[in-house]
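Read from first to last, the chains carry the letters A, B, C, D and E; within each, the first residue is number 1.
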Amino acid sequence: MDFNLMVEVTPLLIEAAWVTIDVSARSMFFGFFVACGLVFLQSFRFAPIRWFARGYISVVRGTPYFVQLLLVFYGGPSIGFRLDPIMCGVFVGAFNIGAYMSEAIRGSIESVDSGQTEAARSVGFGKVQTMVSIVLPQAAPLMIRSVGVLAIVLVKNSSLVSIISVVELTYQAQRLIGSTYKPLEIFTLSALMYIVIVYAVMGIIELAYRRATRYTTQ
Amino acid sequence: MEFDFGPVMTYFPTLLKGLGVGSLVAVAVAFLSVVGGLVVAVISIYINKVVSWPLRFFIWLFMTTPLLLQLYFLYFGLGEWILIPAILVGILGLGFHYMAYNADIFIATIKTVSDGQYEASRSIGFGHIATIFYIIVPQAFIRAIPQLGNNMILMVKDTSVLSAIGVAELVHASQYAISVTFRPFEFFIVIALLYYVINIFMELGQAWLERQTAYRR
Amino acid sequence: RDLDEIRNDVFQVVNSGAYPPFSYVDTQGNLVGLDVDMAEALAAKMGVEVNVQSSPWSGIIAAMVGGRFDACICSMSDTEERRKAIDFSDSYYSAGLSVWVQGGTDDISSIDDFAGKTVGSTLGETGNQWAVENGEGKWRNQTFQGLPSMMTGLTTGRIDLMIADDVPVLVAMQENAPDIKMVDVGELPRWPAAISVQKNKPELLAALNVALAEIKADGTYQTIVDKWIGKGANIE
Amino acid sequence: MVEIRNVHKRFGDLEVLKGIDLTVNRGKIVSIIGPSGSGKSTLLRSVNQLEVIDQGEILLDGVQVNRPDMNGLAFERHINHIRQNMGMVFQHFNLFPHLSTIDNVTLGPRKLKGMDKKMAREFGMELLDRVGLAEKAEVFPNHLSGGQKQRVAIARALAMQPKVMLFDEATSALDPELVEEVNRVMRGLAEEHMTMLIVTHEMTFARDVSDWAMFMDGGVVVEECAPEKLFSNPDQERTCNFLRKHLGNNH
Amino acid sequence: MVEIRNVHKRFGDLEVLKGIDLTVNRGKIVSIIGPSGSGKSTLLRSVNQLEVIDQGEILLDGVQVNRPDMNGLAFERHINHIRQNMGMVFQHFNLFPHLSTIDNVTLGPRKLKGMDKKMAREFGMELLDRVGLAEKAEVFPNHLSGGQKQRVAIARALAMQPKVMLFDEATSALDPELVEEVNRVMRGLAEEHMTMLIVTHEMTFARDVSDWAMFMDGGVVVEECAPEKLFSNPDQERTCNFLRKHLGNNH
């Protein structure tokens, strides 16, 4: 292994890793709100609103992320929606992962025994309050796990934003390999960085999961 | 921008072939990752620590590193000792990758099955393993359906990563066609449509499964 | 955008950033190479400010057609089919295909010997197109994303031979010396490499052609070639 | 006052309630008895609109509870208001597993009546004390015995100070001492004008506690009258058969 | 025959069983009564080793059930064998929600005794018929009423044809007719030499069905004797207090 080279390119990769973190974190943050919105829309009684949400989820999950990126990035300006590459990555990322997340949240909510909702409703709690005080705390463990998986997916799929010329970790690594012909060294470095990032995400998930399951191990 | 779908028609058979290859991989991966994920989850929750440690490390490794790197490693890195065919590399790489994700889901849903269920089964005389197999796993599986559906839908599109190791799936086929014809958007739209058709079938399947199991909760 | 718009703004130029010596990032993270210098020289002649960026090959085509960049000075081969979608300037160099095998191989001396072999090429390159179009029923094609992985494929025996543009491989050979060699298999097609711009930008295209002629005439062109390919190299 | 008028309910092909009528006056305790599967739980759940009925109407103090005419949001507001005046104790308790005993009891008053934390706690402890569970206040439901769970469920329902209480097998997990205690508590509540509907299998309890008794079978009301009469000299043969054992004991 | 010798069990700081002794002879029915939280369920669960006891021993037909000396795998084999001979009906039923009624009943015989599908089904239907649920064979537990669930739980336990049955509140959700029916079933089983331990709050049922009765409180045995004596003339004051109501009724 060429350690000198590794030392030399580390700052470049760290810089790119930061882009990866930035894009993923912001997508995750906004995506969460998108997901909540979608879950909320699906609870409407007015059918067209529900259909809209289902249709959105279906289309977004059904088409590849990179195609969405390209269409928004290049198609957007023609309808007056011009974003710089990173913002476009965040935007599409959020709306993409939001669809998946809403399904994960829905699944977790449905895993809670219906007797719990009934009991809460019979006390007089409204739908929202039942959700907040009774259902969500019990859905939390599964939700944290499944949303957590999506957070990890997001970090890894953020490499796709390179297609709209964002220089993130994977593309930077490929460029450096292209010029140095040292795949082993550079892949090792970038893999290490991914491991650090994802490991941090896993740590957060684990902490949240432990918190959410405290009462079951009381 | 003007659209011209003529070139797409020329390459349509190639695209369909790519779709076929991708679907084949997806089916294999779905099987591997769901069954494997279940096994991993069960082992890491119920079976002793000694077995589960190496397993967890293995899963951890696949969870933390990008798919592309895993594929490169399996494809080129192992090249010095063994040449695994590209499509098999793809199935293994994607399979282990999603196995890790699914395991995480199963770990959570298994824990939502109440202790009472375990106890009731044990009291009939079922052993630890039999209880997991007949009682815990089916219930955990039912609760995991929405999340599994999510993962599998993600996975189908991740089969495109296999183009990096030369597996001629849909995206790979289109990349070739695009570089020849320079009609990217037409191809991307068609790809999106083709994927969407698959997705509709998967969603229907998921909805069907959810309906079939709704009264079994 | 056509020329007058570009004059008021910045000339956006793209390359793949992973194609030494034409475009790549050095270990300081700067985007450098023949294509980059060429872009700067042309922009200077045209009197516009230039911004050279890189994007993966799969994104470049979309970027060009989609209009996010004004020009791709990225060693793009000028082919008939591509001309239906975008316009090309005059050629600024001529790219030739070459065939490479492992050091010890001696059973390949003509295209006929490819029969039954596994042939590697880089996805999206003209070499790939050539191999696919001519290989039907004769040899197996295996594609790679980029030269480094293709070379690894060749040295590990994933493929029996590879087809690639000659210059990048020669440069790569200087960087590190893998056990591979070029073989002469007779006539292989050559394509002119040209600057691509979007369709219907006549002024920009004209200005580029004029500028290209000017740098060839005043020696700037040869200086750049000397710097990146080798003293006195002729790649026209 | 609760009025149940010609209530029908079906699950798919199975008609579970076939036109039930019943009036429960303010401050009265009415027992509903009947064989397993006769629709008692379904009836109670219908009163609370946990089951949407197919036909008929249900009134609480003259206000119609089921409102097929109302749309989602308006019905939501309406029913939440109604339910705050209607406590329910479930056959399966349905305690909130993520909350401690005291939080199970005080969550309602705190969130719905805006009772402050300290006051809610005091009030909750009072209720727990009443059902003999003060020392289990911080314990989670999974660590309670069956009878303890049932008592928490009763305390939780009482915490909302409802006008009407619906008990589904309110004493099934309670020992005789506690049953007596619950009997006493109910009597006290009735004096404070709480109206109660009780589904029970304990005939002695039904006889002792209630002002009125109804016997239902197969989704219809077979007979309703004062408990003294029902448990000593019922009109219908079906009732006689069902109560054979208890009639025998008391003659 | 079940022997319980000096059994102790604690949950953290709480000592729930403080040295329980009880012998149940073959073919006998023993009732365990006592106030809520006195440790009745815990005792039954200990007999089945669902709770690992801290001290004492439990024997089934002379074979020790709890085996602190055994390691994981050996104990696993041992206890599965024991449990196949010991049916249990839980206070919360714990039916398997993913299986239909008939499958809940036949899963054990099919998988553990290798009974073939057709035979298991016949046998299962017979049992369901016995508890009056033949027509609910294909229904899933969530669509059953409380009493129906309890009966499925009983049928499920009987399906393994155990030597010993442990009932935790076996009749709490059953109406008087069904209680009588269960009483009859139990008597029949006892004649076929099945041994039964019953935890119940229904004193009349305990008195009628059992051969022996034990009253426990606060984790200790207060008194044990023939049910006639316990329910008419108990020795201990604590028992008198607990049974006051029922003693009163029968004098």
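The working rule: a contact is a pair of C-beta atoms (placed from the backbone, for glycine too) under 8 Å apart; a residue touches a chain by one contact, two chains touch by 3 or more.
For each chain, UniProt lists the protein as follows: A = Nickel transporter; B = Amino acid ABC transporter permease; D, E = Amino acid ABC transporter ATPase.
It should be emphasised that the depicted structure is a prediction, and the values quoted were computed from it without experimental measurement.
Hopping across touching chains, the smallest step count from chain A (Nickel transporter) to chain E is 2. Chains that count as touching both chain B and chain C, per the definition above, are A. Comparing the CA-atom centres of all chains against that of chain E, the greatest distance is found for C. Relative to the C-alpha centre of chain D, the farthest chain centre belongs to C. Averaging C-alpha coordinates per chain places the centre of chain B 46 Å away from that of chain E.
With centres set at the average Cα position, the gap from chain C to chain E is 82 Å. Chain D and chain E have centres, each the mean of its CA atoms, that are 28 Å apart. In this assembly, the C-alpha centroid of chain A (Nickel transporter) lies 17 Å from the C-alpha centroid of chain B. Shared interface positions of chain C, defined as residues touching 2 or more other chains, are 58, 62, 65-67, 149, 152.
For chain B, the set of residues that touch two or more other chains comprises 1, 72, 76, 184-185, 188, 217.
Contact with two or more other chains is made by residues 92, 143 of chain E. This structure has the following touching chain pairs: A-B, A-C, A-D, B-C, B-E, D-E. Those residues of chain A (Nickel transporter) that touch chain C in the complex are listed here as 5, 8-9, 11-12, 15, 70, 73-75, 77, 162-165, 167, 171-172, 174-183. Considering their complex, residues 44-46, 113, 115-116, 118-127, 129, 133-134, 137-138, 215-216, 218 of chain A (Nickel transporter) touch chain D. Every residue of chain A (Nickel transporter) that touches chain B in the complex is listed here, in rising order: 58-59, 61-67, 70-71, 74-75, 78, 100, 103-104, 106-108, 110-111, 113-114, 141-142, 144-146, 148-150, 152-153, 156, 159, 170, 183, 187, 190-191, 194-195, 198-199, 202, 209, 213, 216. Put simply, chain B touches chain A (Nickel transporter) in their complex at residues 1, 60, 63-69, 72-73, 76, 101, 104-105, 107-109, 111-112, 143-147, 149-151, 153-154, 157, 160, 171, 184-185, 188-189, 191-192, 195-196, 198-200, 203, 217.
Contact residues of chain B toward chain C in the complex are 1, 4, 7, 72, 75-76, 79-80, 83, 86, 163-164, 166, 168, 172, 175-176, 178-185, 188.
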